[in-house]
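Heads up, there are several structures right after this.
What follows is a pair of complexes built around chain A, which joins chain B in one and chain C in the other.
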Partner chain A sequence: MALDLSTNKYADVSYEEKERLFAEVKADARWNHVMYGCYECGICVAACPSARFYDFSPRVIAQAAAREDVDLVYTLMNDSVWDCSQCFSCDRCPRQNSPGQIITIMREVAVKNGLKTAKQALEGYGRIIYKIMSTGTQVSPDMLQPNAFPDWGGHVKEISDNLEVWRKALPPETLHTTETGWQITDKTIVELYLIWHMTGVMKLIEGVDEGLFMILVDVMEERLADAGYDDVSFD
Partner chain B sequence: MIHLPVVKAVDRKFEANPDEAPTEDIRDAVLQLEKEGEWIVPRVPEPFMEEKTKFGRIKKIPVEKTWHHKSCGQCGHIPGYSTSIFWLNRAFGLDYHDPTDQTSCTAWNYYASATSNPEAQAAVAMRNFAAAYEVGYFPIIHCGTSFGHYKEVRHALVHQPELRRKVKKIMERLGKPMVMPEEIIHYSEWVLAMRKRIAERQLIDMSMITATVHPACHYHKLIEEDAIYDSEIYGAQRSAIITSTLQALGIKVGDYSTWFDCCGFGFRHILVSRDFSRSFSVQRKIEVMIEEVNPDITVTHDTGCVTTLDQSQFAGKAHGRKVGLPVLADSQVAALAMGAHPYKVLQLHWHNTDNTRFLEKIGIDHEKMWAEFQVEAEKIKRGEMPYLTWEDAEKNNLFNKIK
Partner chain C sequence: MEHEKINECVIMKDLYYSVEDNTWIRVNEDGSVTVGMTDIAQNLAGPILHAKAKSAGTDRKKGKPIATVESGKWVGPVKSPISGVITEVNEKLVGDAQLINRSPYRDGWVVKMKPESLEAELKELVTGDNAVAAYKTKIEHDNIKACTHIEGSDTYE
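== the complex of A and B ==
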């Protein structure tokens, strides 16, 4: 679908609100290391995998950001940034920009501010966030279910059917797990939860998925309390 | 008349000069911050190996005393990948540590969903580095994204004192020291640096094999100057990673026009927008490799790349595309060359695209070896043995049979 770069689509959002969000992007400590201006040479586009399949252009994003086009930045923050593959092939810029990093920051601001488009982009992604935040490993063997990966063929069902045995048939002792990628100590998980607590990332999750946030808080607070951290609360 | 020196193309040789590098050597800043008491910098344990990076700087690579920072995607979905890395260490009798005090770098989620922030990302990295330091081992990173991301974290921590201050506070709460290793090492650099020793122990002739190579974006594009380059490989115009290893094993490496392209993984795409991953992987990578090189295998060195290139071929086949190219990690190829069992060690049954023709070409009776694996699996199923141990896995190695 063609990307609507006219500013009509978000005309109902005030310029001040768009400006506020862009100011948040520019206030990020990384901004001055990833945005230096834009020649519009298109080298980033030539290297970009997403540009081949979507109506997506890292050049348009860098250019809009460089000339501080507040309306266009807002449109892109909603309708474009989630197409990026985050491969950083665009780190070829003759002006040393990193369009991929600009997008990382824009995504973070979109999530932090609970933009509807960020919520839509992350629909169906909640189980992954749950897994990484609660267990410390992003994907686990028990995620290999045929209904989750129908386009990977019958081989997924074969793994799923044999999962318990095939995991035990792995020589490294740490890999006999099914719910996590490897065996992780309780102490390690508690330390991870303390990191989430001290860096405020749970607030980001609350902004895009309140239900998931509540489930995670229950899991984390109980485990932290068991470890003696009764005073830690995510509220 | 002005006489300008003319260098003919044939006489030109690319020699990287570290004195002319366009970027800072971040390791100098890391050591300076150690002097200022900001963190502890564990040195690469001796004896170490040396390889050159993009701008001709020397990177130290440990032989042993390595702390294996595992990959969630490898361990979760393609576990023969990490198993092969450990098997290689065991085959050489090296001292290594497979930790349980390790979390994922969490960067896959960060690049996919942005539901994190730089403080959290840096704290996760520093917690893992501290865990390695506490047990006296040196981190070696299995995942390409973790490797690239940790380099980004190192860069941010060096240049942002405020970020350092915040992370220091977190580490104090966890009761852990601030630790930044002297080098950040990807496991494939270890495999590359060990290539001659691996080749000396090679039991399976692979000279009839042609491969293509896919380098991981987060290995050679994120903080590009820290990737391994070699003037003998692609004239040092591309990273030598994987290619050097395969050539040392006698494998012919074929070039193809989309070498630089990513695999199509996309972080969020592989999980929730797989139409993109499937299409890119098949059309821009697998089909191009087959049309231009027609290789027996394609070899890569990262979690997402093996997953995407391998799994996407099923849908490609359904659509009548030119697919059917086995995908392996360099650690698996190296272990196989040294005689590791294709199912007990390489765990090839977790891969999707048929790899039996490749095994047949190098003379491996895969049906017999699969039957051997099945015997052990049945014992586990019947409760006659709790797990497949390293000793079980090693007793039927090709190595033992050839001996």
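== the complex of A and C ==
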């Protein structure tokens, strides 16, 4: 979708609110290491793979942030930051700016504040997050469904129909599963749950997807209780 | 059984719905209730891979998850439309979760529950023509795409 910067699309959001969010971005400990000022050389755009395929520009992000254009930063925080693939090819700026890392901070602020556009952008990743956080492994083989991965071509149906057989054909026993990438030990998964609990990750998820938060808490509290951590609560 | 179709999505008029959470309940003669996902919910989820219900004996407050449902890229809770104790889990879903896609209102039910305060909570759910009207509004408001039904789905003619 084209990025429309011709009007103040979010005029209904107060300037104070936009200023508050930008202040949160600038208060981040990384800010002073990623934003130095931009002279528009365009090296970041030339290196950016997303700029080739989307109406997206790391230079616009760096410029808006450097000029402290509060309205524009808010628009970009909603309509542009999710087009970045976070590859950090833009980390070749002669002024040592990092548009990619500025975007990381902007995304985190968008998530922490529950912006609607952040929820929409992350909607499609719900099951991937559920898989990582409940099983400790990333995507699961059974995601290979014709409706989820049509870009795999016609043979994706054949793969998904016979997935259990394909997985059993893999030599390591830890891969004989279709629901997780590989088997994870109890000790590892309990430690992961505790890290996510202590670092506030669960609070972030609650702000973006309440349903996902609920089912993760269900899984985590039960397993933590089994491991003797029955005093851990996500409320 | 009397029903209505909105944008190819079926609404059974004899059930009680939590429209926001896309769940239904049927009040059984013995006072228990059967809980399931709506046709709209199965459509939004797409072909379902896993439906894991909480075990029998679990006490749940209204709005808390009674099951986790996973499709290719989506995961979400089935939120309980009422408060009560789960008395039975639909074991058929363990090996065949797409039963929810094919028969959301009949064989694809999720759990049965012993309600805690059914009379009061029924008032917060909608049924009959009110349910149809509420779903009409929701489908238009949320711009929900027309329901599709996989091979072998129940017919409602």
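Just so it is clear, the second predicted complex is superposed on the first by the 232 of 235 C-alpha atoms of A that agree within 3 Å, B and C clash if a C-alpha of one lies under 4 Å from a C-alpha of the other, contacts with A are read in each partner's own complex, and residues count from 1 in each chain.
Operating definition for what follows: contacts are C-beta pairs under 8 Å (C-beta built on N, C-alpha and C of every residue); 3 or more make two chains touch, one makes a residue touch a chain.
Fair warning: this is a prediction, and the values are worked out from it, not measured in the lab.
If you put the two complexes together on chain A, you find that chain B and chain C both fit without a clash.
When the two complexes are overlaid on their common chain A, residue A:Glu179 makes contact with chain C while staying clear of chain B. In the superposition on chain A, contact of A:Ile128 is made with both chain B and chain C. Residue contacts after overlaying the shared chain place A:Pro49 against chain B, while chain C stays out of touching range.
In the superposed model, A:Leu5 lies in contact with neither chain B nor chain C.
Counted by residues of chain A touched, the larger count belongs to B, out of chain B and chain C.
Touch criterion met: A:Gly211 reaches chain C, while chain B stays clear of it. Rounded to the nearest 10, the angle made at the CA centre of chain A by the CA centres of chain B and chain C in the overlaid structures is 120 degrees. In the superposition on chain A, A:Asn147 makes contact with chain C only, not with chain B.
The overlay of the two complexes leaves chain B and chain C separated by a minimum Cα distance of 8 Å.
The intersection of chain A residues touching chain B with those touching chain C, taken from the two complexes, comprises 124-125, 128, 143, 149. Per the touch definition, chain C reaches chain A in the complex via residues 46-47, 49-50, 54, 64-65, 68, 70-77, 79.
In the complex of the two chains, the chain A residues touching chain B come out as 29-30, 33, 47, 49-50, 52-54, 82, 85-89, 91, 104, 107-108, 110-111, 118, 121-125, 128-129, 132-133, 136-141, 143-144, 149, 151-153, 155, 158-159, 162, 165-176, 181-185, 187-189, 191-192, 194-196, 198-201, 204-205, 208.
Contact residues of chain A toward chain C in the complex are 124-128, 130, 142-143, 145, 147-149, 179, 211-212, 214-215, 218-219.
For chain B in complex with chain A, the touching residues are 70-77, 79, 82-83, 86-87, 98-104, 106, 108-120, 123-124, 127, 131, 148, 156, 159-160, 162-163, 166, 169-170, 173-174, 176, 217-218, 221-222, 224, 260-262, 264-269, 271-272, 274, 276, 278-280, 284, 311, 314-315, 344-345, 347, 349-350, 352, 373, 376-377, 380-381, 386-390, 392-393.
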